[in-house]
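In the two complexes that follow, chain A is the common piece, with chain B as its partner first and chain C second.
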Partner chain A sequence: MQRATAPYFLILPSFLLAAAIILWPLKEIVSLSLHDVNRFGILRDFVGLEHFRVLFADPDFIAATWRTLIWTACVVLGTLIVSVPIALILNEDFYGRGIARILIMLPWAISLTMTAVVWRWALNGESGMLNSALRDLGVIGSNIQWLAEASTAFPMQILIGILVSVPFTVTIFLGGLSSVPEDLYEAAATEGAGRWDQFRLITLPLLRPFINIAFVLNTIYVFNSFPIIWVTTQGGPANSTHILVTYLYELGFRLGRLGDAAAISLIMFAILLVFTLIYVRLAMREEKA
Partner chain B sequence: MTFRQKLGLLAGASIVAFSSSAFADSTVRVTIAEYSKGTGPYFQEAAKAFEAANPDVKIQIEVVPWDSLQQKLTTDISAGANADLSIIGTRWLLDYVSEGIVAPLDEHIKPEFKARFIDTFLTPSVMNGKVYGLPIAASARAMYYNKDIFAKAGISAPPATWADFKTDAEKIKKLGSETYGFGLQGKEIETDVYFYYGMWSNGGEIVKDGKSGLDSKAAIETAKLYKSFIDGGLTQPGVTSYSREDVQNLFKQGKVATVITAPFLSGQIKTEAPKLNYGVAPIPAGPNGDKGTYGVTDSIVLFENSKNKEAAWKFLDFIFTAEQRTKFDKIEGFLPVNAEEAKDPYFADNADLKVFTSLLPNARFAPVIPGWEDIAKTTSNAVQKIYLGQGEAEATLKEAAAKINATLK
Partner chain C sequence: MMNRKLKRSLLFWLCLSPIIVVILFPYAVMTITSLKSATEVLNPTWWPEELHWQNFSEMWQTSGVGSALANSLYVSTLSTALTIIVSIPAAYALSRYEFAGRNAYRQFLLVSQMLSPIVLVIGLFRLVANAGMIDNLNVLVIIYTGFNIAFCVWMLQSYFSTIPRDLEEAAWMEGANRWRTLRSVFLPLAVPAMVVTAIFTFINAWNEFVIALTMLRKEENYTLPIRVLSLVAGRYTVDWHYVMAAAFVASVPVAILFAWLQRYLVRGLSIGAVK
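So, the complex of A and B:
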């Protein structure tokens, strides 16, 4: 008896903490999403799933959902693809490595909102740095209005997303690479393995858990990431660059539709929960194997 | 949090600390929207002057950037943690009044107090016959034009009608120096208003007989007119990537020859582009001589749940004296709301401001309708689609009007 209750007793404090931070707001949001709510958060009639019905009939919401998935997939995969070679290079011993590492890490020290504001200026059609640089290089003849249309704005937002996710990801990978023992490579080299084989058969498998963790954390961050899109386009023009979190903010705090906003946040919560469950399943299967 | 806000909080905190001393009876908290970097310091100074005259009242100023004001108010009010007084956009006022969140001020308003105001600016915050807010900031819109560009293109006077304007813009285009005649805003706050300028000139209204005016002939004509400016290369390229500030910056840089905006641009030009040779003119008229400008006021309101209504009123009375108003409006570049203040030579002899005040008889204020922000957003989305060529003018506006009519019901 004593043994069976002790573990529960020991996790009780952290459970209570988690409950206060997660479960209580969750309960509040569920109740917001099921009631008619005025713009100041005062509950009125119970309306059941009305807010969800409104959302699923809203083409902007459906479009924002798909866009969120594209946004998350592109930024997360793009970040991984860019970060692995950067981490490999920074792991080599070369002259000026310290400075190179600092340069790569530097964007991390700047708040995301500030980075986004700088990019908003850089992407300005008439006086932006990007256009003047491209014109000086002779790449383009006339200015490109980057933020005027979703077809140019959204890819740029994805690129900015990748840029700001790289430092964190590279840090994780560098930690992973430093734990790979040097003698493995020496042994492989004497057996006649080339650089590519060493990467494929030694580095990548040993880096695997680190890639996994970077994948999951980035997915959660990027899925919920608000500043880049809000600062550069506020989801516009004509709602064409909204992702769920910016759409939620606009509905809740600009248009005062708190009930609809609460429903979106529950849907986002559900999507992330599914991501996490899939990840936990995969991770556990790997551990057993 | 900016340094200034921190400073404000610090000052607030020290006031709270002092207010526990024996003679401070009540603390009045005031939420202030930050119009410029001068806003916070002005209100801190006004609070100090007020406290010196009224030692039993402490004023606690909270400065919030405009962009997060609505969010702060929503969260504060839903938690019951709102201040006693707050600045709000007058266009939001109806939602506050219908929820019973703000208190009517009539019992405090003496005839002497009412007589201080220029009527045009007090009326937007009157609802159901009661005064629910006082106009803390007032502004109207006019067309700024670059005299040098106009002269270079051989144009002697600012355009009187939209037809003239288009001819002028074509002349400016022929200069061929990446200078554009019409600075057209197509992004973020007030994208809808920039569209209304033309719509009012064409004789349209935002709301008429309880229905949206977006599907009227005037609105459709305006959409086609603006689109012809865009397609003819008479506006800056990529209008949907330019917010109001962005277009104003293009004007300061001499890249667009005109911009329609508020009096505060004069002040910005004075410090940022002092060599710019510009003039201020009315917004061009339509074919039938119709004219319109947008009048805007922000209101300061007293919350129903305030426990210090008397003290809060005293502070309102103080900041609406001619002396305080003059100080504030000079800092911010707003129009005078106080009749005596308007006589101050700073306002009376200012050529730019004279144009703005002369337009007031034709000024339209945001209509008093529920869900104004929703309607503004729907309109902005529709005009963005038209500017981008993603929707045909008539169909897009009719769709938007139907959506707005559903909101108005």
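So, the complex of A and C:
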């Protein structure tokens, strides 16, 4: 009898704490999204789905949704494309591998806020060192005001997003590569398979589950990523670099439209739930295999 | 043979160099700017004419980074301790017991990992504001703990699963009860895993942004990321050399800690991801 209840006692504190921090605010968000709320958070009349209707009629919200899609797709795919070769190299034995690993992992160690603050300075139009570096290299003739326009600011934000996502992704891939048995390659080499064939026929298939998991987890993290855009442009100029999370924050804490912001939270929650289900299915399939 | 490895090393470093340059670029900018004088800062030169080490002491006196550092230390330390205390039993249960609801609990952890603070920040803010606890650092401790539990249980459980059960079973055979086995066999073996997980939890709390931005209003309560952002955002003139010095102070200690520990993360995450 004691044995049967012990695990429940052991998981109870962590469960209660995590559930309280997640479910309680969720309940608040649901009630905010269905009521008329003033800017101090006082609930007034029940309005049903009015906040959702307002959102779907709001061109800035629609634009932010599309931009979130582009942001997530570009950062996630860019990260995967950059990370596979890096992980393959870091998995080999070569001089200075330890240092190379640390350098690649560096952005993970430094808070996104700091990285974004530094980039904001590096991208400064007059005194920024990116402009001076690119001028010295002869890539550009005159200074670019990177953050003054969405057409230059948003691609830079995507680039920063990729740079900070690479370390986590490489880590996952390195874990995957270390599970590939060495003798498989030896066998393939005696069969006369070249380097490219070995990669295509052995490495890639064995790496596939890790690519899947990195894909889904990165999608979730990038979709939720707030500091890069908030610190560099705060969604501006003229709302042109907002993604859903920054638009949510702007509505809730700058403009006092708490009801609309709560509605965005719920829409994001629904999307995240879909991602999570995909992840659980992928992870379960791995477990069975 | 040696020669081949050398050739390969050169080739690999050549392949990695573009990405390493791009990764290091902002941190090089940070370090260089933090050593420039106030007049030189607006000149985008690569090497300052004289190294202004006094930027650091001046920044320390004017920017309030000292109290922010103390706040960050307080919040990160307490929430790490609390997270570890509630996560160890849960991870132990997951790795050593079969029980109904085990999978449901694991999936609950997964879902809670997916929900970042930003999605819940509106609801959290309302709860905290209604309780009159805005600007209370202990609220931050509780919220960080709630969000870190999933990661922490996940990491600990994956490490615990690698500790062979045979040792514990041998101790039972010898007549030790479960508690005694736990204390004298299991926990000593699990200490490295706990330390590593605790440090990563600490780094997560140290770097957290959106909750601190929302819950802290008075300047004296700011944590480091908010403090540094407040030196930049909404000001007409920004003393970039001070800002970069502050960013340097806020990130370098954590970066060193992380560099030292990153290989444990590789192991823990990859075991956790597939098992």
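By definition in this document, the second predicted complex is superposed on the first by the 257 of 289 C-alpha atoms of A that agree within 3 Å, B and C clash if a C-alpha of one lies under 4 Å from a C-alpha of the other, contacts with A are read in each partner's own complex, and residues count from 1 in each chain.
Note that in this section contacts are C-beta pairs under 8 Å (C-beta built on N, C-alpha and C of every residue); 3 or more make two chains touch, one makes a residue touch a chain.
Since the model is a prediction, treat every value here as computed from it, not as a measurement.
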| item | value |
| --- | --- |
| Clash or fit (per the criteria above) of chain B with chain C on chain A | clash |
| Partner chain in contact with A:110 - chain B first, chain C second, else both or neither | second |
| Chain B versus chain C as contact partner of A:270, first or second or both or neither | neither |
| Which superposed partner A:20 touches (first chain B, second chain C, both, neither) | second |
| Partner chain in contact with A:253 - chain B first, chain C second, else both or neither | both |
| Partner chain(s) touched by A:280 [first = chain B, second = chain C, both, neither] | second |
| Partner chain in contact with A:245 - chain B first, chain C second, else both or neither | second |
| Touched partner set for A:62, first chain B, second chain C, both or neither | neither |
| Per-residue touch tally on chain A - higher for chain B or for chain C | C |
| Which superposed partner A:41 touches (first chain B, second chain C, both, neither) | both |
| Which superposed partner A:126 touches (first chain B, second chain C, both, neither) | both |
| Residue range of chain C overlapping chain B upon superposition on chain A, of 27-35, 45-53, 63-71 or 171-179 | 63-71 |
| Set intersection of chain A contacts, chain C complex versus chain B complex | 41, 124, 126-127, 234, 252-253, 258 |
| Chain C - residues contacting chain A, complex | 5-6, 8-9, 12-13, 15-16, 19-20, 22-27, 29-30, 32-33, 41-46, 85-87, 89-90, 92-94, 97, 99, 101-102, 105, 107-112, 114-116, 118-127, 129-130, 142-143, 145-147, 149-150, 153, 203, 206-207, 209-210, 214, 224-225, 228-229, 232-233, 240, 243-244, 247, 250-251, 254-255, 257-259, 262-263, 265-267, 269-271, 273-274 |
| Residues of chain A that touch chain C when the two form their complex | 4, 6-11, 13-15, 17-22, 24-29, 32, 41, 82, 85-86, 89, 92-96, 100-115, 117-122, 124, 126-133, 159, 163, 166, 171-172, 174-176, 178-179, 209-210, 213, 220-221, 224, 226-227, 231, 234, 245, 248-249, 252-253, 258, 261-262, 265, 268-269, 272-273, 275-276, 279-280, 283, 286 |
| Residues of chain B defined as touching chain A within the complex | 70-71, 74-75, 77-79, 95, 99, 101, 186-188, 236-242, 246, 249-250, 253, 255, 371, 373-374, 377, 380-382, 384-385, 387-388, 390 |
| Residue ranges of chain A touching chain B (in the complex, touch as defined) | 38-42, 123-127, 143, 145-149, 153, 233-234, 236-239, 250, 252-258 |
